[in-house]
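Written out below as structure tokens is the structure these notes cover.
Each chain carries a letter (A, B, C, D, E and F) given by its place in the written order, and its residues are counted from 1.
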Amino acid sequence: MTDFSHINEQGRAKMVDISDKKVTSRTAIARSSIFVNKEIYSKIIDQTIGKGDVLSVAQVAGIMAAKQTSTIIPMCHPLPLSGVNIQFDWVQDKDTYELVITVEAKTKGSTGVEMEALTAASVTALTVYDMCKAVDKGMIIGQTYLVEKTGGKSGIYRREE
Amino acid sequence: MTDFSHINEQGRAKMVDISDKKVTSRTAIARSSIFVNKEIYSKIIDQTIGKGDVLSVAQVAGIMAAKQTSTIIPMCHPLPLSGVNIQFDWVQDKDTYELVITVEAKTKGSTGVEMEALTAASVTALTVYDMCKAVDKGMIIGQTYLVEKTGGKSGIYRREE
Amino acid sequence: MTDFSHINEQGRAKMVDISDKKVTSRTAIARSSIFVNKEIYSKIIDQTIGKGDVLSVAQVAGIMAAKQTSTIIPMCHPLPLSGVNIQFDWVQDKDTYELVITVEAKTKGSTGVEMEALTAASVTALTVYDMCKAVDKGMIIGQTYLVEKTGGKSGIYRREE
Amino acid sequence: MTDFSHINEQGRAKMVDISDKKVTSRTAIARSSIFVNKEIYSKIIDQTIGKGDVLSVAQVAGIMAAKQTSTIIPMCHPLPLSGVNIQFDWVQDKDTYELVITVEAKTKGSTGVEMEALTAASVTALTVYDMCKAVDKGMIIGQTYLVEKTGGKSGIYRREE
Amino acid sequence: MTDFSHINEQGRAKMVDISDKKVTSRTAIARSSIFVNKEIYSKIIDQTIGKGDVLSVAQVAGIMAAKQTSTIIPMCHPLPLSGVNIQFDWVQDKDTYELVITVEAKTKGSTGVEMEALTAASVTALTVYDMCKAVDKGMIIGQTYLVEKTGGKSGIYRREE
Amino acid sequence: MTDFSHINEQGRAKMVDISDKKVTSRTAIARSSIFVNKEIYSKIIDQTIGKGDVLSVAQVAGIMAAKQTSTIIPMCHPLPLSGVNIQFDWVQDKDTYELVITVEAKTKGSTGVEMEALTAASVTALTVYDMCKAVDKGMIIGQTYLVEKTGGKSGIYRREE
């Protein structure tokens, strides 16, 4: 049975020692989403044609958050993030419009980039909420989860869907 | 039809001018959650009896994130946050354990604290994920949304559930 | 003769006491620019038509930097920034293309927002440099200066041009 | 008997609600120190005569830390710090040289500035250590404590010495 | 005689070039403490039995501060911190209760982790002060110093006690 | 024709993947300046003789900003900065005094340090402006540009002057 590795001998949290873990290429893909109504959907799409748009701002926010992950998540190790890419896809189901956010993060380091990908996904969704909340406060940020990770001793993880 | 207030005359994002908005007491309640398996549930509960626990760390992370909201969310105004409180509740459904996270944020300011409450809720959930991911990477962060807000010109918002 | 107000009785820097200054509406307009070659100019313009663009990212960077001014500039007071707006204008002179960056910052506070506007203008220009430097490292960030300020005891300042 | 106000009804930490506390002028004076050997003392003093010096850097660090207090101390409220001043005094006792660091912080806000003054004092001492540790790692940072506070409901506190 | 390595040829501070220093495993142990009265001691101990406690929050604060060291201490290099562990011990002497804070920091890097360990120790103590100051503002943060360091060219340092 | 490497397949910004770039020693030299009037020039020079001075504070600000570059510039990779040095030179032309700021940044990493050097140069100039603006708001920050870079696949760049 696996123990929580974040707990020290006094039963309190610690930042786990990763000095002996190997430096390998690591990737993680995380997903979040936000459900918006038709009015917001139309506005986001229309602005996309214009010069600036909600999604550009959200994407910048997500990338910057990925870099701040170790200052936001207490027991998370600082990582030399080597790449972040955020993709948007719309899924329509009748009157509901779901903006699916997929983040891929990469590093060459001693620990995984799952938290960086997840944090970026969450912050991207939160930023969309912030920019559209004047229209409707009822938007819901959808489930947020890890899709895949590679690299490190635990190897490949791939979510069964 | 409401316009996105975050867009300037060149079609790009701006931080909206709130100089003329009144300073009033404002509150916001947001909710997120995380679904964990039985093993993680037991471990979190057991540590709670000990000196330190996953939830304490997650709660500190959430409160600190609330204070960082305007540096994480690009168009969000800096706010003199006057209080943040985070509550945890467990909902069990057969083999699934959902940790429900409820955040209440307060301020006396010129703009609402919805983003502070939502950001705190997300970061609290992300921190639980981080501290338990050695046991299971399949945890899912549940829907994240605004439950209620008070104060300001738009008045009271209460989610219909 | 005016003394530097940032110097204490031991001849060292201090953060000036503004407790007794009045809370008034204050604005500041600052300007910076970046000179780019034709290739970069074309690419920036073309992407503008697409979904994402250099200028959107630069603008988000400038706005976020405005909010970080008091953590970047040592003796600068924290301010409840109430609005930031960044405008872009192109000035062409033969083969040289100058992207003029104009930032307007607003607050209701006890001290001016000049540094917020200037910092945002600089960071906007630096971000354009960062995103285009793969094409040409020879870009020059132009002069950066205060155009106008209003509010506070010293009243209105307007640059003679 | 006073209760810890930072604890919520679930027995966990919260950021106390200060919405109803009055906005008053508040000050706090904190003290720390660092004990250095003669060689370090001489070098600090000599550089003081030159253009740059250990104490200038330490002072800037202290002032910047005061502004970061609410991001460093988890349950600390964000404050519009209105002034910070750091003074240095040397106390010699035979071969021991104690650099006494006194920080005065001011605000007009709903809660005290004790933590800002204490944090600035600690960071000032830590910075002196950092800049001199190549000469001697045996330096000791002396006791750090609150000397005085004014303003707020609890009124004046003055340490008996 | 050793020179201060933080001073450049103009007599001003610089961040020393460590490009040529070897990447080795490095550790540092630092200590701080805080003296509290019996009432605070009892309250801290009692809460420890409950779900949340002062020490959990202080520990999270210390770990997060360790990761922020290079943004707090001006001439300190950014380091890929690989582990941080904080221990608490109580020393009672009649009516005085001293909470001894011991921090161990580790890295695999080109420079030492002394400042990370010292900064974490100070911030842990400051956080205890913050959470208990409603009960007594007279608490004193005790001496803060380096206990031991290993790794790097200068080898092992161990404080004589 | 070179493409902007910061743009993903959806036409939006991304943080470029540098996992496969080699870790080499890299340096960059950037320059900025600020034009001040005679009064400010005299005051800066005179304080230099005293204990603290405008330039010390500006230099600390520049060095700290270099370390924050990847949090300020959205698509910039986090870098283990190994050294930063800032030099000041005065150029007088009749009644105009130009303070020339030259920053050298070094790293051993997978990507260049141009942005760190440029950001430090800009922030150094902005800090001088901040500390002298009580005397004259008309100061102009001069052109900011890259003077030289070494290391990495693209090799040496040297500005023709």
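Rule of thumb we're sticking to: contacts are C-beta pairs under 8 Å (C-beta built on N, C-alpha and C of every residue); 3 or more make two chains touch, one makes a residue touch a chain.
Only a predicted model underlies this, so the values are computations on that prediction, with no experimental measurement involved.
The set of chains touching chain D and also touching chain E is given as B, F.
Counting steps between touching chains, the shortest path from chain A to chain D takes 2.
Residue numbering shows that chain A and chain E use the same positions for less than half of their mutual interface. Distances between chain centres, each the mean of the C-alpha atoms, put E farthest from chain C. Ranking all chains by how far their C-alpha centres lie from the centre of chain F, first place goes to B. After Cα superposition, the angle needed to carry chain A onto chain F is 120 degrees, rounded to a multiple of 5.
Comparing C-D with the candidates B-E, D-E or A-F, the pair whose contacts agree for more than half of the residue-numbered pairs is A-F. Here the spacing of chain A and chain B, counted between their Cα centres, is 15 Å.
With centres set at the average Cα position, the gap from chain C to chain E is 37 Å.
Separating the CA-averaged centres of chain D and chain F is a span of 30 Å. In chain E, the positions touching at least two other chains are 10, 12-13, 51-52, 55-57, 59-61, 64, 68, 74-75, 78-80. Applying the touch definition to every pair of chains gives A-B, A-C, A-E, A-F, B-C, B-D, B-E, C-D, C-F, D-E, D-F, E-F. Interface of chain C with chain B (complex): residues 25, 55-56, 59-60, 63-64, 66-68, 78-88, 106-108. Remark: chain B residues 8, 10, 12-19, 70-71, 74-75, 77-80, 109-110 touch chain C in the complex.
Chain F contributes residues 1-2, 4-7, 10-13, 32, 39, 43, 47, 50-52, 54, 56-57, 60-61, 64-65, 68, 72-76, 114-115, 118-119, 122-123, 125-127, 129-135, 137-146, 149, 157, 159 to its touches with chain C in the complex.
Listed in rising order, the residues of chain D touching chain F in the complex are 48, 51-53, 55-57, 59-61, 64.
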